[in-house]
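Each of the next two complexes has chain A plus one other chain: chain B in the first, chain C in the second.
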Partner chain A sequence: MIDILQELSKITDKDYISNNKEELYLYGRDPGLMPPHEPDYVVMPSTVDEIQAIVRLANREKIPLIPKGGGLSLTGLVIPQKGGILLDMKRMGQILEVNESAGYVIVEGGTTHGALKSFLLKNYPHLRHSIPDSPPITTIAANAVIHGQGRLTQQHGFNSDMVCGLEVVLPTGEKCKIGSCAVSPYWFSKGPPLPDLSSLFFGWFGTTGIITKLALRLYPCKKIRDAMLFLTDEAELVPEIMRKLGRTEMIEDLVVTAQPIPLRFRGNYYILFYITGDTEEEVEFKKKMAWRAVWEYFERREGGFVSLPPEMKAPMLAMPSKDTTRFADVSKGGGFEYSGPIAPLEKYPVYVKKLAELADKYDLFYSSAARMIDGGHCMMFSFSYTFNRADPDTMKRAKQALDEAADFALENGGVMWKPNIDEQQMTMSKMDPDTLNLMMRIKKLLDPNGIMNPGNWEVPQ
Partner chain B sequence: MLQLQFDKDKCTKCKAVPCLTKCQYIELDVKAAKQQWSKIINGENSFVLEACTTCYACEEYCPHGNHPFYMIVDRQEEKGILPAPRPIITMWINQCQPVGKYMVGMLQEKALSYCLLPQFNILAHGKLFQDIEYSVIVGQEFFCNAVFLHYAKTSLIRERLPVIIENIVKYGIRELVCLHDECYATYTSIAPAYGIEVPFKPVHYYEYLLERLKNLKYQVTPLNLKVAYQRNCSTRLIPQIDHFVDDIFHAIGVERVKRKYDKQTALCCGEIFRMGVGPDLADDVQKRNIDDMLESGAEYVVFNCPACWDSLAYKVAARGLKPIHMIDLCRLAIGEAQSLQLSKIEAEV
Partner chain C sequence: MKKYQAQIHRCFRCGYCKFPTDYSAINCPSYNRFRFDTYSTGGRLWLTYAWLKGELPWSEHLAEILYACTNCKNCSEQCPMKFAPDIVEWIIAARSDMVEQGKIPARVKRFLEAVYNYGNPFKNLRNERAAWANGTRIYEKGDDFLLYIGCLGSYDENGQKMASNLVSLLKKAGLSFGILGNDEECCGNEVYSLGETELFNTLAKKNIDKFRELDVKKIITLCPHGYNIMKNQYQGMGYTFEVYHYTQVLDSLLRDKMLKPEAGRLKVTYHDPCFLGRHNKVYDSPRSALQSLNGIDLIEMDRNKADAFCCGGGSGNFVTDYLAGGKDSPARTRVREAGQTGASTLAVACPGCMVMFTDAIKAEGLEEKLRVMDVSAIIRESIST
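What follows is the complex of A and B.
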């Protein structure tokens, strides 16, 4: 029988290979509620050649291979459901090129959002990218793979929409360039005018290949950025307020928060949005347009703006937001997870009602952040519940609540974002059968041996 | 429920109706003012109840001490008139609930009240507070609730204030130095107006500062500064403390510049207007106020209330004036440094 550890040591430095119990323990779980399952090996390659060699080894030996970025999805997407080799991308974190004129950056597959933010701040302060509200060690590639959202999502769509070129290693070991970079030295488009092959890799959770390079669009970084906070106590009004604010085309990010604690949140929906500009005049004009958009609710006393002192604004302006981390420890024990359907804005009232009902039913603390996507075409609505990691009972109740929330969301027009394997099953059971068949055919075609992150997007036999 | 101690006869006999004719936001001649006020005190509908910006100033304009502003707020509440959007009022009601998140220091019979504003911790130290700085109460349990005058909720003040007073008394406090002007106004104006007994001695921190400056007089160096004084809404409930401003300024060698908008004609910080009436009035008031400060030749703007500081300090600084809290101004005079500074908020982009 072949010694995999030895084979891996022929590919990459042995200091970056392990089957030690402590490493397998850590790589066998994520911060969410999905049950742990350990890999058999962990490897951290440093080049594309090494990745190709690892993929070929896994194919030859029919061993599962799980590519991992930050591992922060919370939904267990890189928990090795069937063991195998966990391929940690952290050593491939270089920022390779900035094309200032075309407005994109090319990074390696393990580059983090935090690293890119620091790099731009230091070297290109007039440019920015869409930072997600996850910890800074979130990798850009993995965030795009799960169709993450960030601070520019309201204006420019999912973070995956902002990708403009890929290099991938296919499940069979070939290295492919995707987009304009396949025929040109420039990485300005992930598809058009060619057939858009990039969608073979987004939303597939690493089951169709490993992203080794990625080009990401950069946007102007305005000199002034400010926050505005609008409150309403009627959930039914939230969708139209979001839509009206979005349609001003004056605002940056928009997130609606609903939670009962701290007490100032109770009974209201907090619509936080951002205004940017290069001059005070530009910012003031945009604020006036935002006021005008919601004036009718203000006049009817159904909604109003909170005056924000600078000290209150500071945490709102921080990127990523630290509020998620604070929320995670509300019920002590540091655990939280959310089911996050992508849905039309009009679903906000029924979702937020269900959120509170489930919290009550399962005796949990809840919160929701709904982020508007792409000017209001849809939103990500999070059903978030906290749990105590030292208390299996709260974890069980949180999982039950999340399962029920996912089921409810699917029944009510939503599509689960970064679904865990249970939610993937729910999704596939509702999916148009021909579409599901197409998905499975694509997967089989790309990954004939079924080695890539098995357990995900799998129809039960 | 406790009722407002209001004498209708005083209003009936009042010829000038200054409560309405002096209003800076509603234009009424004496005849119209008399008509509208008569409607208000008789429980009828009046447009004044809708148009009131809740600046509190009519409380000061009344020569009879008959509490016209509290009457307006009571009537607004009776009629369900919302001076601010409902969700804003809900937010205030919820965030000010006493739910056990308070702090007490090493309490003596004489104590400092930070109200629910922990930022007073930045100000209350040094020689001016050396004997009292650890004798402190702070938190919702000690919050005066005067803010609900802006939100047509005197019922909440009447409900919560006796409990707040009981909380203070429970700690054996006999003399309470109120760092938040609103607290002093609550204990000396709102409470007696509604017949609520205050079994301790409230002391305005201006009076306290003046006393300390007298004790430290050999350390005081005149500042020779020209300052504009920013009155806040709750000073309208306690106009009798205004002389302390002049007394303090005299003691530390500061000139209160002559302004169009000072004393009775002062303009408020404007931010409550933004929440209740909208941005146009707030921007207009703030602009007129700062223009006037500049035209008067002031170098510094002296703040009393932390909410005014939050609303205006950055704006006056942007136009070349130096914002300073009254406590810090006194601190400068005894050779200490300004402690409450503008935070450098850098927006992440």
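What follows is the complex of A and C.
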């Protein structure tokens, strides 16, 4: 019988391979609520050649292979459901090239959003990327794989929409370039005018290959950035307020928050949006347009702007927002998870009502942050609940609430974002059968031995 | 550990602890060295919690993961949660539990046994503690300051040079001070951070008894580790005194013109020691002392002050050295960063950092470009004797 550890050590520096129970324990868990399952090995490759060799080994021996970035999806997407080799990608964190003129950056598959933010600020302060509010250890590739969202999602769509080229290692070991870079030295497009093969890798959670390089669009970093906060106590008005603000085309990012504490938050919906500009004049103009868009609600006393002192504004302007992470400990339990359906804006009132109902039913603390996507074509609505990691009962109740929220969201027109394996099953059970069949055929074609992150996007036998 | 058992599960493992403020690099020394998430603060806390719950048995590897933490406090600085200030104490408490159960890795065991038997981690003889002192006067009642040297300053070759340079400057400034000589005990900072609470209490008590007997009111420490433990732990143990790190005293002497440097030219970058910087927020005195020198060009490394990257020597690692080996060891990473500033001198204020960087500069082949000097040596060079 082949000694996998020995085989791996022929490929990668043995300092970066482990089957110690401590590494297996930790890499078998994420901060969310999905049950743990441990890998058999943890490996940290440093080159594409090493990845190809590991994939070929896994494919030959039919060993599951799970590529992992920051591991912060919270929905257990890199929990090795069937054991195998977990590839921690974070040693491949180089920023390889910036094409300032075409406005893109090429990074390795384990580069973090934090590293790119810092690099741009230091070297290209006039450029920025769409940074998510997940912690800075989140990798750019993994975030794109889950169709992540960031601070420019309102303007430019999902973070995966901002990708403009890929290099991937297929489950059978071949290395492919995807997009313009397949025929040109430039990485300006992930698809057009070619067939867009990038969609074979986004939303698949690593079941179709491993991203080893990725090009990401960069956008102008305006000199001034400001936050405005509009408040209403009528959930039914939130979709049209969001839409009207979005259609001004003056807004950088827009997030609606609902939560029961502090008490001033209860029953109110806080619509936080951002204005950017290169001059005070530009910013003032955009603010004026935003004012005009929502003036009617102010006149009818249905809403109004909240004055933001500097100390309140600072955390709102931070990227990423540490407040998002702090939510995990509001109940001093160290845990939160959310079900996040992507849905039309009009679903906001029913979702937010359900959010509170489920919190009441399962005796949980809740919060929701709904981010407008792509000018208002849809939103991501989070049903977020905290739990106490030391109290199995709260964990059980939170999971029940999230399952019920996902079911409700799906029944009400939403599509789950980064679904856990239970939500994947719910999604597939509702999916058009021919579409599901197509998905399965693609997966089988790319990964004939089913080694890539097995358990995800799998139809039960 | 008991008082922390109800808290430790609160770590979400968000990973902010791995970075400096601007996310430009890995700033957790053990995570930088090993890169497995287990070696980050979040990993360490989750493994500790698993061990407490009985989900994970003790192992040498588990203990090494815990002892690879240098207590540099970057995690506390960066963690966004309310419990952030407690994290280092949680790790120390977990080590305490291991010590109580007799489950500690071999190198830590040797360190603690050496301190227990010899009064220092190097197994040097007690009666050679003041061999470096070359006639430096012993503290007597009525002296203004007690100069506390510590184990590294007493026994390590580079530490001894630091001690001698400092003594020379303090004499030059006409300060009234003395040392304890062979009667000095280990300060216990490392013993405390390695979790040997009982031995720490013994050491601290011996030192405090001595301070009381000699009616010591003000102490200058050579080492930030001694400064830290005396400032933050001794003060609650029944005897009150003022404690200063030597860079604070030199800064004051330079300001008061009791030391008068001459003109020179030197490009220097200063490394903040964790136990002076993040632990005690002393960032300005060493810089101010250096900038008092005419012709000095002080260049900051990208990671400085609260974001400084640890040398890898804290929590006994200047002896146990769990982070050694390879180009990603903290000391080698840091001297490369120092070299990139264009400075010809890496200024340190801690004998532990001095030991770590002296070796790292050789390993990196930077001997021709960069030299390590402590702040007192730099000041002494600029003052005519």
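Note that the second predicted complex is superposed on the first by the 461 of 461 C-alpha atoms of A that agree within 3 Å, B and C clash if a C-alpha of one lies under 4 Å from a C-alpha of the other, contacts with A are read in each partner's own complex, and residues count from 1 in each chain.
One rule holds in what follows: contacts are C-beta pairs under 8 Å (C-beta built on N, C-alpha and C of every residue); 3 or more make two chains touch, one makes a residue touch a chain.
The structure displayed is predicted, hence computed values, not measured ones.
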Chain B and chain C placed together on chain A: clash or fit? fit
- request: State whether A:Met44 touches chain B only (first), chain C only (second), both chains, or neither.
  value: second
Answer with first, second, both or neither: which of chain B and chain C does A:Ile224 touch in the superposed model? first
Next on the checklist: Contact-wise, after the overlay, does A:Gly28 reach chain B, chain C, both or neither (first, second, both, neither)?
Outcome noted: neither
In the overlay, answer first, second, both or neither for which of chain B and chain C A:Leu263 touches. first
Quick note, chain A centre (C-alpha) to chain B and to chain C: the enclosed angle in degrees to the nearest 10 is 70
| In the superposed arrangement, which partner chain does A:Gly83 touch: chain B (first), chain C (second), both, or neither? | neither
Is A:Gly191 touching the first partner chain B, the second partner chain C, both, or neither of them?
neither
Query = Taking the superposition as given, does A:Pro344 touch the first partner, chain B, the second, chain C, both, or neither?
reply = neither
Which superposed partner A:Phe298 touches (first chain B, second chain C, both, neither): first
With the two complexes superposed on chain A, say which partner A:Pro310 touches: chain B (first), chain C (second), both, or neither. first
Superposition result for chain B with chain C: lowest C-alpha separation, Å, rounded to 11
Overlap of the chain B and chain C interfaces on chain A comprises residues none
Listed in rising order, chain B residues that touch chain A in their complex are 82, 84-88, 90-91, 94-95, 97, 99, 119, 271, 274-276, 278-279, 310-311, 314, 342-343, 345, 347-349
Within their complex, chain A touches chain C through residues 15-16, 18, 20-23, 25-27, 29, 31, 42, 44, 70-72, 88, 90-91, 112, 114-115, 117-119, 121-122, 135-137, 322, 325-326, 328-329, 332-336, 388-390
Touching chain B in the complex, chain A uses residues 128, 221-226, 231-233, 262-268, 276, 287-288, 291, 295, 297-298, 301-307, 309-311, 313-314, 317-319
Listed in rising order, the residues of chain C that touch chain A in the complex are 6, 9-16, 18-19, 22-24, 34-38, 43, 46-47, 49-50, 55-57, 59, 61-62, 65, 80-83, 326
